[in-house]
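Both complexes below contain subunit A, partnered by subunit B and then by subunit C.
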Partner chain A sequence: MNFDPRFSGRKFTSVGTRPIRPDGIDKVTGRARYGADFNMAGQLVGRILRSPHAHARIVKIDTSKAEKLAGVKAVITAADLPDLTDGDAAMYDVLDNCMARTKALYDGHAVAAVAAVDARTARQALKLIEVEYELLPHVTDVDEAAKHTAPLINDTIFTEGLEEKPVKPSNVTKRSQFGHGDVHQGFGHADFIVERSFKTEQTHQGYIEPHACVANFSSDGTADLWVCTQGHFVYRQHCAQLLGMEASKLRVTSSEIGGGFGGKTHVWAEPVALALSRKAGRPVKLVMTRDEVFRASGPTSATSIDVKIGARKDGTITAAEATLRYSCGPYAGSWAEIGAMTAFACYKLDNVKTVGYEVLVNRPKTAAYRAPSAPMAAFAVESAVDELAKKIGMDPVDFRIRNAAQEGTRSSYGPVYGPIGIGPTLEAVKSHPHMKAPLGKNQGRGMACGFWFNFGGQTCTDLNIGMDGSVSLAVGTVDVGGSRASLSLVAAEELGIDYAQVKAIVADTSSLGYNDMTDGSRGTFSSSMATISAARNAIKILRERAAQMWDIAVDDVVWEKGHAIAKGEKHGNLGKLSLKEIAVESGKTGGPIAGHSELVADGAGVSFATHICDIEVDPETGATRVLRYTVVQDAGKAVHPTYVEGQYQGGAAQGIGWALNEEYIYGKDGRLQNPGFLDYRIPVCSDLPMIDTQILEIPNPNHPYGVRGVGETSIVPPLAAIANAVSNAAGVRMTHIPMSPPRILAAIEAVREWSK
Partner chain B sequence: MRYIRPLSMEDAVGQLAGSSGTSAILAGGSDLLVRMKGGFIEPDLIVDIKAIDGLSEIRETGDGFSIGAAVPCAVLGESAALKKAWPGVVEAAKLIGSKQVQGRCTITGNLCNASPAADSVPALVAAGARAVVVGPAGRRTIPVQSVPTGPGKTSLAKGEIIEAILLDKRAPRSGDAYLRFIPRTEMDIAVVSAGVNLTLDEHGVVKSARVALGAVAATVLLVEEAAQVLIGSRLDEATLERLAKVCAGACRPIDDKRGTIEFRRKVAGVLAKRAATTAYARAGGK
Partner chain C sequence: MVEVTLWGSLAATAGGNSKVEIEAKDIRELFRKLAEQYPGLEPWIDQGIAVAIDGTIYRDTWSKKLPEGAEIFLLPRLAGG
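Coming up: the complex of A and B.
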């Protein structure tokens, strides 16, 4: 395939406009079908029994009483999901997390499941399952878990990445290191050094829609899965592998999705639903409760980070170093590694070193959460950067501009940057009216930068032209944030037709080739590239058909503004043919007209943002109020600006919740104390101001329209921007996220005591 | 599970008294339904009291106000007379949950749910509100603070139902106020709260006072010593500081997921100070 993905600098007609999304009306009228809205005749209710213990050996599970209860059609344990992972350690962890084998590793770990005729019977059946546990010592704190004296979660794990292979097992599964230059020497050249330690508590993505699916295993060995997911192709592969099926025998259809943010990139209950359906011989619907979502899906890491940065009097950073410890839940991960890669990515540094440690704890398996691992690293680094600017006596924006990475800079994690947006976002912030707005008593302003890699990946789309000239676009990336609208705009743009002529759908796994998930901010980036490619392939056929209709050579036909035009003097008397006119005749000129595309979307441009925020702190109670918030971010090219702004605002809103109130609170018994939205405090509408946005467009050279992913970067700066604002308002440096009122009040009181 | 919707108090009381298993009274249901959905309780009998004559009314009597047990909190906010007389009680009722929840929930339900953090209870206790209890043994009127006896527990006997909450007619130069601390702006539960009710003499000196604190002990605290600090004062700076100190001292809080002992003590004092200042201004004090 000779598709040219390079940026072409074309003038846009459809791209950049703001039409209504095709899924909008069904969503606001309640007609859209989410995970739990699918039903089948004869379906059973699936429920999962979960460990109440943080760490326990499963001695015995007796399911006989539950099996005898009238209305119970299947009871399963790990024995019904045998290990078929064939040495694939990551998949074995997924399997063990779906259904505990020998040990329950956290409060909420699945140990058995039932399928029954109704919810009440299923609940009763769970109570009849007898599990004998042998309690083991547990550890839930990331720093405690990293100590040599901590209870071991998995005694077969020895820390990887050390110079010498360790002789003792450890909860630290891996050490990773990034950087270049000599930090020791760099600190030697510094006039000022800031060195601090930071902590962030564990947070959940907080998507409003719980995990839900209907599994239907047929007696011929094939199966259907209707599920709320960010990636139905990945779910198909994982479920097929865990259940011992060929992928093509399992058809997965993705529902509408009420938020995912990374948490729906991983199977939790779906293999269980399939195993229940296989055993019961009937469809099984399994919907997680909110309690289960908090206890047993995949929150992000809790972290503990040490940062040291040195600079000369003139404001040039001479060296930067960070040590990052990230919790992984009870299974190995690479979360600290990503944190270590992103930590200093905004800056041009001669001497930089970051070291990440992955730490096992008795908490749920960590999953991706929007720019996974980057917000915590940015919190630590951008807090220290702010403090260093203050120490030098420089404006925090100017200090960052001075040290910002540029085109050609070798990034702290290795690669050399192409054209990037960190400098322009900082310049835009510097001249933004927000930075000059007056502040009142007890109010503070903070700003911070953030970086995210973005991802491209495998993509496959089909573009079919109906005989009435309308266009249906089938994509394989789940629409989380308005991508069907954006991709319709792209198809309309490339074909030269009206947006209203295009209808985009998310096709199931049996209708398209493999697609990676909607993660890594790749949905619109990669599927728009594939859509452009598919449209160009369709145009090639449209030109051939027009040539046939005119009986001229195809090379004499060009495609312009939705029409075939005969090129050259000799065809001067031929009128143009519209897409519709060609489509109407297609039955006589060779049959259906379609464009197909399969590609790996390389060159997802890295993304940068800078945020500003104003906070008021009540010095008597530690209460905070976000007064004003501004997001400035590079989008490459905003295909549908409203949904780009939505991504910017959404990331900021989630970041505000994370920074101020959200946290997993564990008791001494290792049980999660706040598995619900009452005490796990995501912001409500009245907690937030209108979040202002400014879209910068620095074209990505590797995409025909210059598009970059925009979904994740917006959650990277908020923790730091808010921490800087709170610190300025309260007059004390905040180092522990969330900055809940008790933490802020304690910090203020400590300063009062100290200054007495 | 049996659901009934009796039309008279006698029937409701009789059904409850005669039931053998677990039972629950349903008014707004904003606590009951959540607990049932969460799988925490599964009552054998649910008695819906909303159809009982008079229970959904606010009556203005010669002695003050009678607020029926099934009156939703939102309706309290629509009564101009009640709002004028008892603004602190109304603002407390209008802080429960969210707008949607306030359309269902009742102050009687809030009282009987017996949460130490209930929003309307400290305001009712400060206001000296009384509850009319109807049971198999007849009718009795008791101070609201004697209803909750501990988290989730009340002094009501089997078959007893609260019919109405009574608030006194207002003396001249009176004002009340309620404040609570939550980390969010709504949809939350008080970490600490304070209700203050004052009456002034013609010189602006506090003549009588009641101070109640919520979420700092197993039940709402009526702090006599705090009232004594206010009585005889014009709420000068020193009085307010003493009030804060006394309130902080009166707390018997716990460390939990919503706040620390230290935080609750400190903020109880701050809120009492602020609520007293508002109540004083509402009473016409300057």
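Coming up: the complex of A and C.
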């Protein structure tokens, strides 16, 4: 990489300010175009037929009646999406998830699709498709599925990661282990030990915008796809591979995104829309209903976690151990592995061991959800940490400060930490006024810590300077949380110009080199690095052009505060040349002025947060009310503080919903019983207090401005912080998420019964 | 020569060795020599392995130098949300 990413400690002019976001007006006036807002002349309506069964062999699909219905232009099944994955097991799973091949693996699994002239005809056609199923026994609970007696979901899977290859297939696809030291010895040195089991139910990312796309396959073999996604380059790769196309023949344009949170990181229905368009010879628009979004896209894992932590009387943790079982849906994943890595990452531990088990269940394919897998592990660990502090008689914040990881600590997942922010977030919480505020009757306060890795990745950016001196910035990372604003600030900072002079867009896949998707909190981290690099490349050109205009050597020209300046006494009579003045003359000095950058933005700094929550519990009904919530998180450097705060608040809001209400509920028949926002209740404004935030800035040494990712860590502590608050308010340790009113009431009544 | 630590599951694939010594100047050479010495690791490398160098995680920068005496830790390449 021809770019030095090291932190330089510079003083900022634009970065750190709070201008209006460039996409704001369109979004609040309804002009912004989301996935379902795009239309083409002659487009057909695509609809998908989904399995009503949790587990069934597909014996036969007869589409002949549907094909004969007037207005139907194409009907497809798995036969129209042949396996072109060439041994790529992960892509095969994506393909099978888009369109079931031999078995329907969950309620909602796609088995066929139609394209028709209107929605009514498409729905009628779905009813005319005859599918003969052979029902198979199913399992939806993670603990039940892990048992040897459970119905097998895939009899070709043998558990990986065991010392000896098992002789029987299993729903447990993989065992992974992390840690160091000797936990057995460590527990021997403990004066107090807490050992508990926890469960969390499956939740959906709850993005308001459903999956939506318009596919247009041309007879010359090229195609266009307009789609709501977190990564249009990744969608291009997936679709091209699954449809047997060259990637360059498929142009993917990303729409505005009404939430993704990890759920829009791989394709769900887009290959189906393209296959329908290819067969029909017309554009096809495919928009999932909310029912489909819940039944057939992106929930996170349900989990079952055992935690054991021991400490000496002085509050030093001597050993920590966790066994984590995460559901993956019907396809192999690495969700428990991530949980096992993150579980104890906040702490300095001499003896730690975590073991993760990936478990197949007859539920939708698990997708990432904002710091995937970390919130559930943090819930279990931070609940046990709180209980242990109480047992020792220490303040929970002091107990965590005593055991917090710091620079030089060996992390529980392996490497030694560089400079990190867990200690400072805890110190900030300790001195925060929220911790001293009085509590009333039936009210409790909880706090908890959280960790996330943050990633970088492949990134490509173009910066073009117009002849009027305005700057257009084309990036390839989808803007999920205000990155067009933050990247415009970065471009303005580097060029030394006003923010209003910069216009950032998300370019389509034919206009820019490959970009990894916006995941792993990488949008601003990665694209800011590429923007800095592109701007510096443009400045080189600007200096050359100024040198031409002055007819002096380029080495005598420096760039300062948006101007070329001739250095040296011999040039003393030359004034400054602004970016605009140089741009105006560009046609006569060599043509357009642009800066380009392609790089791998590695070295994203790990991130920590500590949250505080006050809850009131109604002991008669188990109902809860969040009274006050505070997020303290390390951002490295907040490029646009308002949107950093927005990320903190968004993570906390989603965490509150997850902790208190949200839950996939399956019947004994293996069917999802609550696939809609009426029965799957995410928090609305009236459920939430104003969420306070405090941004800490501990610079990431591997970014020129010190930026770390901020998008994910904020969802890690809420489950635990809220569980600790509810447990303190209700006087009983809560071990099952969500802590819905019936669960809280049952826990309170169990204690009342026990005390009699 | 650098000492490389493998996470639990990967160590099983490398004949139970959780630490291996490799003569490698950068991540690219490290992966090549690991695959030569422990063929069982090759599919893992193909799927993607992250390398932590003194605590900083690198997923794609195969040209990253491995400083003498640095702590080199192999980790699963993780998904984000």
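Points worth noting:
As a convention for this text, the second predicted complex is superposed on the first by the 755 of 756 C-alpha atoms of A that agree within 3 Å, B and C clash if a C-alpha of one lies under 4 Å from a C-alpha of the other, contacts with A are read in each partner's own complex, and residues count from 1 in each chain.
Please note the rule applied: a residue touches a chain if its C-beta (ideal position, glycine included) is under 8 Å from a C-beta of that chain, and two chains touch if they have at least 3 such contacts.
Not measured: the values here are computed from a predicted model.
Of the two partner chains placed around the shared chain by superposition, neither subunit B nor subunit C is touched by A:364. Look at A:702: by the touch rule set out above, it reaches subunit C but stays clear of subunit B. For subunit A, the partner with contacts to more residues, out of subunit B and subunit C, is C. Within the superposed three-chain model, A:186 lies out of touch with both subunit B and subunit C [touch as defined at top]. The contact surfaces that subunit B and subunit C form on subunit A in the two complexes do not overlap at any residue. Residues of subunit B that touch subunit A in their complex: 38-39, 98, 181, 183-189, 191, 256-260, 262-263, 266-267, 270-271. Every residue of subunit C that touches subunit A in the complex is listed here, in rising order: 5, 7-9, 12, 52, 54-61, 63-64, 71, 73, 75-76, 78-81.
If you check the complex, the residues on subunit A that touch subunit C are 1, 160-161, 163, 174-179, 205, 261-263, 265, 334, 337-338, 341, 367-372, 411, 413-418, 453-458, 519-522, 600, 602-606, 702, 712.
On the side of subunit A, the complex with subunit B involves touching residues 123, 291, 620-623, 660-661, 665, 673-674, 678-679, 681, 683-684, 686-687, 740-742, 745-746, 749.
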